[in-house]
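The data blocks that follow each hold one structure.
Below, subunit A partners subunit B and then partners subunit C, in two separate complexes.
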Partner chain A sequence: MRRPLSEENFAFILITPAVIIIFSIVLYPILKTLYMSFFNIDLTNPFSRPFVGLGNYLEILCGPTFWNAMVRTVYFAVVSISMEFILGISIALLLNEDFYGRWLLRSLIIIPWAIPTIVNGSLWRWIFNPQYGALNALLTQIGLIDSYQSWLGSPFLALNMVIVADVWKMTPLVVIMILAGLQTIPHELYESAGVDGANVLKRFFHITLPMLKPTILIVLILRTMETFKVFDIIYIMTSGGPANGTQLITYYTYREAFSYLQLSKGATLAFLISLTILGLSIIYVKALGTKTEY
Partner chain B sequence: MPILRRNRKIFTEVFKYIFAFIILIGTLAPFLWLIISSISPEKELLAKPLQWIPSRHTFQRYVSIFTESENNKAAYVFRQAMGNSIKVALSVVVISLISGTIAAYSFARLKFRFKNKIIMVFLFTYMIPPVAIIIALFTILNELNLIDTLLGLTILYSSFTTPFVVWIMKGYMQSIPGDLEDAARIDGCSRLKALTRVILPLALPGLIATGILVFLLSWEEFFYALIFTSSVQAKTISVAISEFSGRHAVDYGMIATGGVLATLPPVILTLFFQRYIISGLTAGGVKG
Partner chain C sequence: MKGSLLLKMRQAGWFDLLVFFLAFSLILVALGITGYIQYNIQMNNMDEGLTKYEIKEALGFFALSRENFLTIGLIAVAVTLLGFALLAISRATERQVSQQAKENMHHMRVVLQYVVAGMITLIMLFPIYWMVISSLKTSTELLLPVPTLWPRLFQWANFPNVLKRAPFIRYLFNTLVTTFFIMVGQIIIGVLAAYGFSKGSFKGKNVLFLLVLGALMIPIQVTFVPIYVMVSRLGWVNSFPGLIVPNLVSAYFIFMLRQSFMSVDDSYLDAGRVDGLNRIGLIVHVLIPMCAPTMITISIITFITGWNSYFWPKMVATKDEFRTIAVGVTRLRQTFAGMETANYNEIMAGAVMAIIPIVILFLILQKYIMAGMSKASMK
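Let's look at the complex of A and B:
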């Protein structure tokens, strides 16, 4: 008779396929990226690849382009995430109230999130179009502006307009998460507060917000990390321009590696991004540790 | 005092409906504009002042995308790309659901050495943005001759969907009561049987939710597809859309039509399986 598998061996067999996938397609490439970042690999000059040690890191960290892209990434994260939270929490509070048609609004609210990012970018580029765009038409027709504006034409304005497009797509996600969090708050808490004569604002700041803290923390950290993935919407709306005004860190890395073919400079940037994400992951795990489940 | 209270109540009620109406318009208007643009005559889209409701509608653009022969390059590429996206997304769903779910089971239910450390590694790989590894992946896939192939793309997508499945399914597995499995084991079920006959059927709602989320993730992926595919045989719908926007620089109606077609599958899936998707999202994963 065959001996039954021990628990540990069974577990190792079950995780093997997933471990192979992540080791070969994620962890090995990270190490390879680190290795590449110590050389000078330039595809416009493919026959020499000298070892430069930390040279690439010094070059990038001492120059302004990296820091400019970082500052833009942080700006993007802070502005888009705050707007998503302000809108997301207000909408979730509304959807947690009783009113006619609530079920309809609850199902429709998810639509922007389901639209592929590339379509979302192309849609907003069309809305912001300087000659035929719907935004220009709307604002002139209601008399807010006199002449058509070039919404994606100046660096800082373009960055903010890209943020608008991103907020439109991602707010539904925050609504869904916060709404789920709101539904776990026991009703008795509000009832006892109602008896004590607390008004709406007091109830929000003393009961709702503290009870939502774990949800808010998770969404906050995940959304922050996702800022390092923002690429599609910039590629389609502005291509990083005008004057690099919308060049976030991911787009900058892409451009170094695949437009200018500076593979090792790209690899250096990529490894710096990995380090940042590692730091954020550690914060994430610590934050989750304060929650009982997960 | 009672009158004041009633007035305040009416005020909050009215405020609620006004707010709900604004949210409704804000959510739907941009997407409706995409649909209207796809069925408006070209001339009216470029008119000043802009007409919001077209005087007549035309489905000609949809017809041309689906019926025109291979001579019409754009329509042909778009159809092929849609097929490629479906093939890749379905393969990715199968691969990552199988490998991810059995791994999730062992993380949720079994005791073994280094478990917590391995879970941390999975969480970290789930967080890693594609840009951090894409340059190394490019050189690796180049050596393996997998660039510009559906197989290469499927492997790449599995790398971020598998940790995602592990993360969500682990939560589902933990919520299934352990007694059921113990009872099955006492009745003489092997570990594998207990997994396939007891745990998997109970985890079915989670599997559906996760499967749909993985499909959506693959369907909308753009960064890998942009860098790793270039021919009609391998490029996906998101790449086709981005090229549409570039090539048809003036044909906004056609760009909108492509956009609507690329959006319909995810939007229909999402509305139809909303409850599953929300449970999946709130179970611990978040789509980018």
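Let's look at the complex of A and C:
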């Protein structure tokens, strides 16, 4: 009779399919990207691909476009994530209260998150439409603005309007996660705090917020990763414009590689993004490490 | 009776309201600051010798109204802080309140909760409402300078028109097939890997796990070119394997499920072994049932991700036979490049068709999502 597999080999066999696929769709492409970034591959001139060493990196790191895109990405991440947290925590606190019909609100609030980003982008593009959009009509009707604005027409404003669309879609996720976190806080904590005479504010800052810390941390990290990957919504709402005002880092990469066909420049950018994300992921793992101790 | 009035405020749910108010006033302040930054940037970039009017024309909206935003925002913050302060002192009078007063407060609190809850619902759902009514308007009504809140004339024909322009049923079918297989693949491969990473022990486990985690964070735009070359060499461009196979593993899935498996005590596995289960049996009969909420939640998230994914399907499926619904929605716009506003009713009709299945699914499964999320976040 065949000897049964050892525990070690069994575990190894189980993870093999996952590892094979991850190697072929992530690790190999990244190495390939690294390789491409040392050459000058330009599909508009396919017959020469000279080796340029770190030339692509120097060119990109010394130019303003990369850094502008990076600054925009960081701005996008900071503003959208803080908005999502302020709104998300407030809404979660409300939904954590007991009132009739709460289940209905809970079901409805989740919907924006389920909507495809592409649909979300088209929808907000329509709402922001300068001539016929709902936003201009609403704001002029209540007297907040005198004349119709071109919301996606100037670089900085457009970036903020894309953030609005992103916040609308992603706040529900924060709400659900925070709500789930709130339910893990034992009720006795609030009761004993009530006996000790802690008021609502004190209770929020001394019980709710510290107890939510692990949840907030996880959501924060996941959202940071996602904002560094933001692409679809930019593509559909502004295509990086106007005047590159919404060109975030992944969109810049896409444009170099697929619109200008500068494959190695795209590869260089891609590799720089991977490095940034690697840095972020080290923070991620460290943060998770402290969380398990908790 | 000043004290009891303040107390009423506090117990009537003013706290929640104030938190909201604070959030909105902070947003206003942020917009004001944004305006100042924009003003400075734009003034620096401006040519000299412009007239006041020309400068005003060139400035962006936030730069122009920076003072308004900041003033209103700061006033709002001050009022909110005052409100918080009042709430804080009001606690002193709490014990003097009679039973009757407490009941009144409870009613007020409930009413306020409904008001705030209603406002949130309105803001969250208005864009969706707008999408639905836009999809039913006639082109003339769509282009009124002041849009109507309720269609004067319901043009249901927008939906058949969209179906005539693009094979949306086919797109829906493709999306369902792709998403289904991705989900099944991710569940099988993910469960196996999560078991290996949580209960198994072998050399290099942690390194491999870190690699998997790292893969979670790489955007598709980074790895796209090599993957695409691979897929096209396999002849998988414009085919279901091309859409499905590169998405079969989700690092997120493995990560969440590993956390969940790790929380199952080994004594359960030992008990299973005593009952004569083999190792696969342990996974199927012990681990999976014990982690059911997490499994359901992650499967739903997987489904949503598959349904919503855009970049890869757009690149790999260039024929209608294999296009997915998200790509289909953008096709509606491209068909009428140059006159895009004129057919927003059709774009919105396509969008409505794209979200109906997922919204229904969500409303049905909402209970499980909440349960799974709270389980997952306790880990």
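The criterion applied here is as follows: the second predicted complex is superposed on the first by the 292 of 294 C-alpha atoms of A that agree within 3 Å, B and C clash if a C-alpha of one lies under 4 Å from a C-alpha of the other, contacts with A are read in each partner's own complex, and residues count from 1 in each chain.
Keep this in mind: contacts are C-beta pairs under 8 Å (C-beta built on N, C-alpha and C of every residue); 3 or more make two chains touch, one makes a residue touch a chain.
Since the structure is predicted, the reported quantities are computational estimates derived from the model, not experimental observations.
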Have a look at where A:99 lands relative to subunit B and subunit C in the superposition and call it first, second, both or neither.
-> both
For A:154, select first, second, both or neither according to whether it touches subunit B, subunit C, the two together, or no partner.
-> second
What is the contact status of A:225 with respect to subunit B (first) and subunit C (second): first, second, both, or neither?
-> both
Would you check which partner chain A:260 touches, where first means subunit B only, second means subunit C only, and both and neither mean what they say?
-> neither
Pick one for A:145: touches subunit B only (first), subunit C only (second), both, or neither.
-> second
May I ask you to decide whether A:79 touches subunit B, subunit C, both, or neither, giving the answer as first, second, both or neither?
-> second
Answer with first, second, both or neither: which of subunit B and subunit C does A:205 touch in the superposed model?
-> neither
Thinking of the overlay built on chain A, is A:67 touched by subunit B (first), by subunit C (second), by both, or by neither?
-> neither
Overlapping contact positions on subunit A, where the subunit C interface meets the subunit B interface | 7-8, 10-12, 14-15, 17-19, 21-22, 25-30, 32-33, 36, 90-91, 94, 97, 99, 101-102, 105, 107-119, 122-124, 126-127, 129, 131-132, 134, 137, 141, 168, 172, 176-177, 180, 225, 228-229, 231-232, 235-236, 250, 253-254, 257, 263, 266-267, 270-271, 273-274, 277-278, 280-281, 284-285
Subunit A-facing residues of subunit C, complex | 10, 13, 15-16, 19-20, 23, 26-27, 30, 34, 38, 41, 60-62, 84, 87-88, 91, 110, 113-114, 116-117, 120-121, 124-125, 127-128, 130-131, 134, 142-147, 189-190, 192-193, 195-197, 199-202, 205, 208, 210-227, 230, 245-246, 248-249, 251, 254, 279, 304, 307-308, 310-311, 325-327, 329-330, 333, 341, 344, 347-348, 351, 354-355, 358-359, 361-363, 366, 369-370, 373-374, 376-378
In the complex formed with subunit A, which residues of subunit B make contact?
-> 13, 16-17, 19-20, 23-24, 26-28, 30-31, 33-34, 37, 45-46, 48-50, 96, 98-100, 102-103, 105-107, 110-113, 115, 118, 120-125, 127-140, 155-156, 158-160, 162-163, 166, 171, 190-192, 216, 219-220, 222-223, 226-227, 237-238, 241-242, 244-245, 252, 255-256, 259, 262-263, 266-267, 269-271, 274, 277-278, 281-282, 284, 286-288
Residues of subunit A defined as touching subunit B within the complex | 4-5, 7-8, 10-12, 14-15, 17-19, 21-22, 25-30, 32-33, 36, 90-91, 94, 97, 99, 101-102, 105, 107-119, 122-127, 129, 131-132, 134, 137, 140-141, 168, 172-173, 176-177, 180, 219, 222-223, 225-226, 228-229, 231-232, 235-236, 250, 253-254, 257-258, 263, 266-267, 270-271, 273-274, 277-278, 280-281, 284-285, 294
Complex interface listing, subunit A residues touching subunit C = 7-15, 17-19, 21-22, 24-30, 32-33, 36, 79, 83, 86-87, 90-91, 93-95, 97, 99, 101-102, 105-119, 122-124, 126-127, 129, 131-134, 137, 141, 145, 149, 154, 156-157, 160, 168, 172, 176-177, 179-181, 183-184, 197, 199-201, 214-215, 218, 225, 228-229, 231-232, 235-236, 250, 253-254, 257, 263, 266-267, 270-271, 273-274, 277-278, 280-281, 284-285
